[in-house]
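The data blocks that follow each hold one structure.
What follows is chain A paired twice: with chain B in the first complex and chain C in the second.
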Partner chain A sequence: MIYRVYVEFKPGILDPESEAIKRTVNQLGFSNVENISKGKFFDIELSSNNCLSDIEKISKELLSNPVIENFKVVKK
Partner chain B sequence: MIYRVYVEFKPGILDPESEAIKRTVNQLGFSNVENISKGKFFDIELSSNNCLSDIEKISKELLSNPVIENFKVVKK
Partner chain C sequence: MNKEVSIIHFPGSNCDRDLAVAIKYCLKLKPKFLWHNESHIKDPGIIFIPGGFSFGDYLRAGILATKSPAIKEVIRHAKKGVPIIGICNGFQILTECKLLEGALIKNSSQLFSCKKVFLRIENKKNYFTKNIKKGVVQYPIAHSQGKFYVDDYNLKKLQDNDQIMFKYSSKTGDISDKYNPNGSVQNIAGIVNKKKNVLGLMPHPERAIDSFSGRDGIVFFNGLNELI
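== the complex of A and B ==
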């Protein structure tokens, strides 16, 4: 069973990397790009079922920084 | 209109960060975790429609390294 964990900045947290990408994209001629935000994801493969609570614990303690990031778990 | 671009390593490319995360997760007591792979995603907001070819060009030239990474575009 594979779970996918999405991690991204909370709303309001400044992300200079996304800003730089957006500026570069605009400079390359894609003026219709209005906003870019980025995040990361982790595909976690488990040998047993019904371990959503484990995944949430791993996400909270290891994969994300709860001060500035949100995470979301989906079954893949 | 928002597109999401997923970028991840091509199969066979070594990813030491994912390996380290997996090892740490196992050491924390989650022995049922068999594999972890990671990737990143970008949410790109466009002011106009029908720009899938633009998104693909941006993904190829700026957001991914085509030598070692694959990307996938989905409409959000």
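== the complex of A and C ==
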């Protein structure tokens, strides 16, 4: 069983990396691009099924910082 | 006999030696270095968590260090009231392990910021700062993830509880965006926990003990003498 955990900044937190990427995209000529937000994901392979609660615990305790980030878990 | 002053270091710490020099020079004692896998810290006087990096700062700066045995001991001692001081990466570790509010994220400028800055001391009722006579001190900063973030609700709690210790300022103590090197909320450079025994700050007082980088750090360390 593989779960994918997506982690991204909470709305309202300015991510300068995303801003820099957006500016470069605009410079490439894509002037219609108004916003880019960058995130990250983790694929976690488990030896047993039905361990969503473990994945959520890992996401809360380690993979994301609840002060600044949200996470979402999906089954792959 | 004095209680021990401990410095916890991690793979990647690089301000641990500077801290030891400052402690030896100002407090006239030899600090004890503890490796991150130290699982029992006995009766410490003050615990320092130094700047630099920890475990490559992978994932988020400081997060991997929070799972080390030594930081579990820091949390245990912090709850008992032992003074804990985290500088730079140490501050990041203290927020990631929830001993301090907020988070430290990438500087708004996207640049590594390395320079001397002025800091207005916001609270002198605390034992970390009460012996500093000046209202504004100058310490160096050196970080790329030093932007202090906290939401409005928790910012108000920090203000109401007098937990804000240092703010980036002008030489005369003016606070504005102009003097904010990293985009920190309200120019905040250092805070304490609610019990006021855990201090985190991004600037480096340990690098301000000589004529090259300024001497304002000396009073900071001298002031800790009564804690040990």
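List of remarks:
Here is the rule we use: the second predicted complex is superposed on the first by the 76 of 76 C-alpha atoms of A that agree within 3 Å, B and C clash if a C-alpha of one lies under 4 Å from a C-alpha of the other, contacts with A are read in each partner's own complex, and residues count from 1 in each chain.
To be clear about the criterion, a residue touches a chain if its C-beta (ideal position, glycine included) is under 8 Å from a C-beta of that chain, and two chains touch if they have at least 3 such contacts.
Predicted model only: the values in this text are computed from it and were never measured.
Number of chain A residues touched is higher for B, counting chain B against chain C. In the superposed model, A:63 makes contact with both chain B and chain C.
Once the two complexes are laid over each other on the shared chain, residue contacts for A:6 go to chain B alone; chain C is not touched. By the document's definition of touching, neither partner reaches A:74: not chain B, not chain C.
Of the two partner chains, chain C is the only one that A:17 touches; chain B does not reach it.
By the touch criterion defined above, A:30 lies against chain B but remains apart from chain C after alignment on the C-alpha atoms of chain A.
Of the two partner chains placed by superposition, A:52 touches none, neither chain B nor chain C. In the superposition on chain A, chain A positions 62-63 are in contact with chain B in one complex as well as with chain C in the other. Listing the residues of chain A that touch chain C in their complex gives 13-17, 20, 62-63, 65, 67-68. Taken in their complex, chain B has these residues touching chain A: 6, 18, 21, 24-25, 28, 30, 32-48, 51, 54, 57-58, 61-63.
Touching chain A in their complex are the following residues of chain C: 59-60, 63, 67, 95-96, 101-103, 105-110, 149-151, 183.
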